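A quick write-up on the structure given underneath.
We call the chains A, B, C, D and E, going by the order they appear; numbering starts again at 1 in every chain.
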Amino acid sequence: SEEARKYFRTVYDFPQWQKHRSSYRFAERLFQLSQSHILQNALPAISWVTLVATLVASYGYSYDQHMLPDVFPSISPNASCTAFISNTSVALSLLLVFRTNSSYGRWDEARKMWGGLLNRSRDIMRQGATCFPDDQVEAKKALARWTVAFSRALRIHFQPEVTIESELQNILTPAELQMLAKSQHRPVRAIHAISQIIQSVPMSSIHQQQMSNNLTFFHDVLGGCERLLRAPIPVSYTRHTARFLFAWLTLLPFALYPTTGWGVVPVCTGIAAVLCGIEEIGVQCEEPFGILPLDVICNRIQADVMATLKDDADTKTILAEAGLISLIPSATSATPVASAEPVLV
Amino acid sequence: SEEARKYFRTVYDFPQWQKHRSSYRFAERLFQLSQSHILQNALPAISWVTLVATLVASYGYSYDQHMLPDVFPSISPNASCTAFISNTSVALSLLLVFRTNSSYGRWDEARKMWGGLLNRSRDIMRQGATCFPDDQVEAKKALARWTVAFSRALRIHFQPEVTIESELQNILTPAELQMLAKSQHRPVRAIHAISQIIQSVPMSSIHQQQMSNNLTFFHDVLGGCERLLRAPIPVSYTRHTARFLFAWLTLLPFALYPTTGWGVVPVCTGIAAVLCGIEEIGVQCEEPFGILPLDVICNRIQADVMATLKDDADTKTILAEAGLISLIPSATSATPVASAEPVLV
Amino acid sequence: SEEARKYFRTVYDFPQWQKHRSSYRFAERLFQLSQSHILQNALPAISWVTLVATLVASYGYSYDQHMLPDVFPSISPNASCTAFISNTSVALSLLLVFRTNSSYGRWDEARKMWGGLLNRSRDIMRQGATCFPDDQVEAKKALARWTVAFSRALRIHFQPEVTIESELQNILTPAELQMLAKSQHRPVRAIHAISQIIQSVPMSSIHQQQMSNNLTFFHDVLGGCERLLRAPIPVSYTRHTARFLFAWLTLLPFALYPTTGWGVVPVCTGIAAVLCGIEEIGVQCEEPFGILPLDVICNRIQADVMATLKDDADTKTILAEAGLISLIPSATSATPVASAEPVLV
Amino acid sequence: SEEARKYFRTVYDFPQWQKHRSSYRFAERLFQLSQSHILQNALPAISWVTLVATLVASYGYSYDQHMLPDVFPSISPNASCTAFISNTSVALSLLLVFRTNSSYGRWDEARKMWGGLLNRSRDIMRQGATCFPDDQVEAKKALARWTVAFSRALRIHFQPEVTIESELQNILTPAELQMLAKSQHRPVRAIHAISQIIQSVPMSSIHQQQMSNNLTFFHDVLGGCERLLRAPIPVSYTRHTARFLFAWLTLLPFALYPTTGWGVVPVCTGIAAVLCGIEEIGVQCEEPFGILPLDVICNRIQADVMATLKDDADTKTILAEAGLISLIPSATSATPVASAEPVLV
Amino acid sequence: SEEARKYFRTVYDFPQWQKHRSSYRFAERLFQLSQSHILQNALPAISWVTLVATLVASYGYSYDQHMLPDVFPSISPNASCTAFISNTSVALSLLLVFRTNSSYGRWDEARKMWGGLLNRSRDIMRQGATCFPDDQVEAKKALARWTVAFSRALRIHFQPEVTIESELQNILTPAELQMLAKSQHRPVRAIHAISQIIQSVPMSSIHQQQMSNNLTFFHDVLGGCERLLRAPIPVSYTRHTARFLFAWLTLLPFALYPTTGWGVVPVCTGIAAVLCGIEEIGVQCEEPFGILPLDVICNRIQADVMATLKDDADTKTILAEAGLISLIPSATSATPVASAEPVLV
């Protein structure tokens, strides 16, 4: 079921949205129940409830048919079970939905931080492209390299299924890669490197400050993601909710048997599928990094940062034609892009 | 039903609000049910429930009238269905309303980002008009051009029904348009161009930084909208809610038939209309760009940016008359505006 | 009922709060029902429900007393109506309360933006008073004038019941007033003017940037308020809620008649008053500008901005006495304040 | 009951928290009901419900015992009352809890703003102590004085039970106190004074800007608190909730009498205590300044600001010993602190 | 039970998450009920309910078996108790869940502030490492020392179980430790010291401002945590909720006995365990510092700050090899790191 988490890494575009909104989605949802990864993960819990319900129904049926010795009691405490079930069902529904919402909030926060990482990676590259002096070709390339390296180092930090070699050997120089690989904390080291690059370029300290603000943002993203990973919702909260749910579901067959007879088996299975499904969604979203498409975001960062690096000379040419800037001989600024290729893509 | 999404692009003004608040709105709402696009989109699902209810009622009626051979069972498991329906209805209501609220939150976020785009487009033009030196006529015009171009490029990004030619050929010069059209990521390129314009104007780096902050904001809007487009609410969440709803509605006729008889058909249809309507609203708001009036916002940006460009000389004249600024011969700053017209509107 | 919206423009002070908290408020609330503007606005909808209930009760009574020909059916489908009412009441309550909360959120957002406008108007005047050089008397006065003008222009934008002449002829000079009046977008123009004033004063560009940040805030307030005005909560959401509510209330008498008899009339009226009242509050708060005391806020801005302008010399004198600043001959800085009076109040 | 609001000004420390968490708190809560200020404030409303319940029970008992003439009707419309009570109880619970939550949100916002005031008062004093040149002894002392004066002036603004003389005569010089006392808006004037002090010190405009940012924060706190005071939750919202609650409670005895008999009196009193208590909490928190320990926060600000002023020389000495700064003869910077005492504490 | 709070200080990593998500968690939750610290803390309240239920059942049984003299009444007022229980259960569930959510919000806020402290400690060290001139070796070391000292001083402030000697004697020099120990407010003093260090280094005031922004953030964290500690959720709110809960649970056996008989004892115990558990979670999370792993965060800060200090020379070497910076003889900058060791770890 850990493997199934990869199927949650959804990326939508217009066609998927149209399918998502299709008026006939209800048919698809109803008849593809078996493909629900959520229900597959919750299967053991649902099966447990089915088992209890079957035992209860068998016992009750045997008793009612007088197939049991007289010393066996009837399932009489069902008034008690009913009292328990009915007096706690609103609290259970509220707890479950709030718990799932808290988890969804964590997922949303993680997604926003990674979205912010994309925004600010583009932004810091834009600042570098326009604020670094035109002759700082190597610095611009180093900035691009390390910005990409930071996002990939962050991905490795939260999806340990990939290694630093596979992710970064086409991005960084071997010396840089080695330095990063043996660091105690790689994303911190990558931000440090970007910071040194910015500080080493001769430019207004105002512009340095501005780029540095994005590094502070990177630190907030890094630390924010680490917080989500290290600190789950207080486990006493989630465990109490789960205990409450499983106890409720285990007592449910006793409460329903007298009115439903054998029907107790499908009914309890259905209710368990619905409620365990909600709980399972909460559990899956609570640690969001396994279900986020971090690789897609990293590729996007790399593509956009590299495009900005490459298009810089081009943009300047157009503006120069419009008479807005007087270009330094354009050959100089065009060269680095060409020579950047071998290292970067 | 994809076409119907255009009808959701509401823009209100005072008269519409008065109508919206009319004390007699209840009559309009009750008697114009058939004009509800929401219910039209949900029609297949509602029809399915109606069909099931009709079949259930027919079967039940036939059975009760002894029109069926004796081997057919009665619709007896209704105690089970009732138990399922009643034990899950609170959870269903909570899930549905929370799901719709999450979608509404996404719509609201998208609307706020596009509102912010309008605010900051006005703001960056104000900064350009006042901070660029008076002789940088071409730079001011280029700033206005590209600010408008960014918002329109962003619209094309999220409403692919319009093309770059139709949107931008009256705004940019042909060379600029060509550069933008062949870019890998057009909005990123437009921000890059604005950044170059700002950097190329001789002015205090403090003022450059300030304008650059708005470009960072533009990057946040761009990335924020992309996030909403690429990342739906975890599909396991929305699909579980939909599955739960459709299963609940399919079992509902079985639970209600014994007490309502043929009335089960209109009742189940009504309940389906209410609940599927709520779900449909959630689905429609989840991808908000199709239902936002982005064209109106873009036109507003263009009108206000151009007005600021045109009014700049006028504002300075008034302040000069009040003795606050000593004008550079006003002809110079008045000319660009006139010559800006052909290119811009 | 549009006129009644003015009664919602509440401004509290300590005595009103004491009354608001009075332990005997329950008596006032119970016995002043007829003064509730909310219920007055919702009267047509409530009357409709009363009418339906009366008809249902009359018909039912006639039928029970055998006063009708036998071809008329009894109001028998009430099991169906009861099923509809009971299966949707939780969803209805949740939808109504969430809808009202969303509207309240919009009201709160508008109030916070106007509060922020007050804060930052005071702040920009403080910055002007302390950062503008002492000899820039005219610039300080112009800053005060235009800051007040911006807030009043914004009010006109959102409460079109007042005109630019009545609001601004005592604030701006005739030339300025004319310029503002014929602008395409007046608040944008006012911010532009403030921006020009700040840029025209010889001072550190750091301080200019700082004041300019408040202008960016003004742009955010302006655009944020425009967003609330132009973009209602998705109308499909509010209309579906209203339709659901009115259909539910119309079916309610059929469900209740068999158990309540003639009592159905007061009961349905009462329930309609409660629920339509909640919906009405949602409708009233959705467009918040009509129910906010914008005039009071504008007066507050004018009073505080003018007081800061007037007290500036006084504050400096006190600090000079404490040996902190060495004053430029105080007559110079005292004069402008005196001469400011004729134009400003 | 206005006096009772002072008992709500809770300040906790570790021992109070241990008591708060005590496993035996349930006993304390159950047996100290009579000390609840909330219930004492709600007493008139609760008594009203008790009275109605007693009258209903007396009438019903008299009727059942045939002690009334036959022309008196039985309390028969109870089916109607039951229908009203049961169909609105979910909406009532939701409204009450949301209303209390909105009020709690206001309390929380006010507490956060006053907490922010403490943070930024410490921060501006830190900035002054480190950024003001060492020879600006008087300016540092004036900054400390006015920072404390601002927080106390703000307290007077929101807790009019204290006067400016009692709060500030040991803080400010007589001339300053007089200036502040006769100001139209005292907190605005205090910020203005701090702004002038900062502007008058010869230092980098970057550092001035940084300190000025904290003044902008002060303006936001001031205006934010004024907003909470002036603008209650829309009164139509709170009044409709209160009306709904009191009408519901008044009809409750009619609905319950037939099943509970004389038990209706304690039951209705109990339900009224619970629900009126919730409403009362909402009312008390809505205007939060009367129940916040503003005096404790002001004392904290004074203590910390003065400590920073006093410790400044000490800190520098330690750092100088570590070779980090070369001190100006330490006597100079030690003196002001000593001489600051008489004026400040 | 105060000791048990240490068990709540959870820190997760990938293996714990896999266990947390295990499909078989339901079994673990059901069969390890006895290890729940939440239930252990709530034991006295749960026992009270069990006791009441047992007494009610014994009395009822005795009465039904005619073992009591006739003067004893039956437990007849159960219609009243049932009316109370059923009319308040929704409000109780909502109050409980909202109360727990408010507490969770406080826990989350505290965790975010401590996470932010980690982020910004790394950030300020990065800024120091790159912005301080290369020859300011001592200043960099002092910055590292005091950044670590601030976080540990903050921990002592909120977890008084540790002393300043145990936490800081390996970090600060003896003179610094003594200065900090005898301060009136240690965290404020630590920020003051960092501020002095930054101000004493010869560097651009822009970079000073940037580092100072992080000190303002530190002040916000410090004050924000103090606010959470000093200001509980209004005690009238939490106490009313607790009173309501305990009264409801005490009356519950009277309402349930007639239908459940002796079953009332386990049922009431179960319901009490569920609801008191929810309340207990709210109480535990309300003061979050006792249940947060502040020591782990402090160790993380120390490790990362020290690593940045140590890696600084290394990073520069790599960048120099890439031709980006021309190094000052590297021996100089390598030395401080070596000599930093004895003092720091």
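Throughout what follows, a contact is a pair of C-beta atoms (placed from the backbone, for glycine too) under 8 Å apart; a residue touches a chain by one contact, two chains touch by 3 or more.
Quick caveat: nothing in here was measured; it's all calculated off a predicted structure.
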Chains in simultaneous contact with chain B and chain D: C
Euclidean distance of C-alpha centroids - chain D vs chain E, Å: 24
Whole-Å gap between the CA centroids of chain C and chain E: 39
For chain D, residues that touch 2 or more chains besides their own: 90, 94, 206, 209, 284
Overall pattern in which the protein chains touch one another (line/ring/star/complete/other): ring
Ring topology as an ordered chain list, initiated at chain C and continued via chain D: C, D, E, A, B
Chain C residues within the chain B interface of the complex: 1-2, 41-45, 48, 77, 79-81, 83-84, 87-88, 90-91, 94-95, 98, 102, 138-139, 142, 160, 173, 175-176, 179, 183-185, 188-189, 191-193, 195-200, 205-206, 208-209, 212-213, 215-216, 219-220, 222-224, 226-227, 229-237, 239-240, 242-244, 246-247, 250, 276, 283-284, 286-287, 290
Residue numbers on chain D that touch chain E, as the complex places them: 8, 10-14, 17-18, 20-21, 23-27, 29-30, 33, 36-38, 85, 89-90, 93-94, 96-97, 100-101, 104, 107, 111-112, 115-116, 118-120, 122-123, 126-127, 129-131, 204, 206-207, 209-210, 214, 252, 256, 259-261, 263-264, 266-267, 270-271, 274-275, 277-278, 281, 284-285, 291, 296, 303-304, 307-308, 311-312, 314-316, 318-319, 321-325
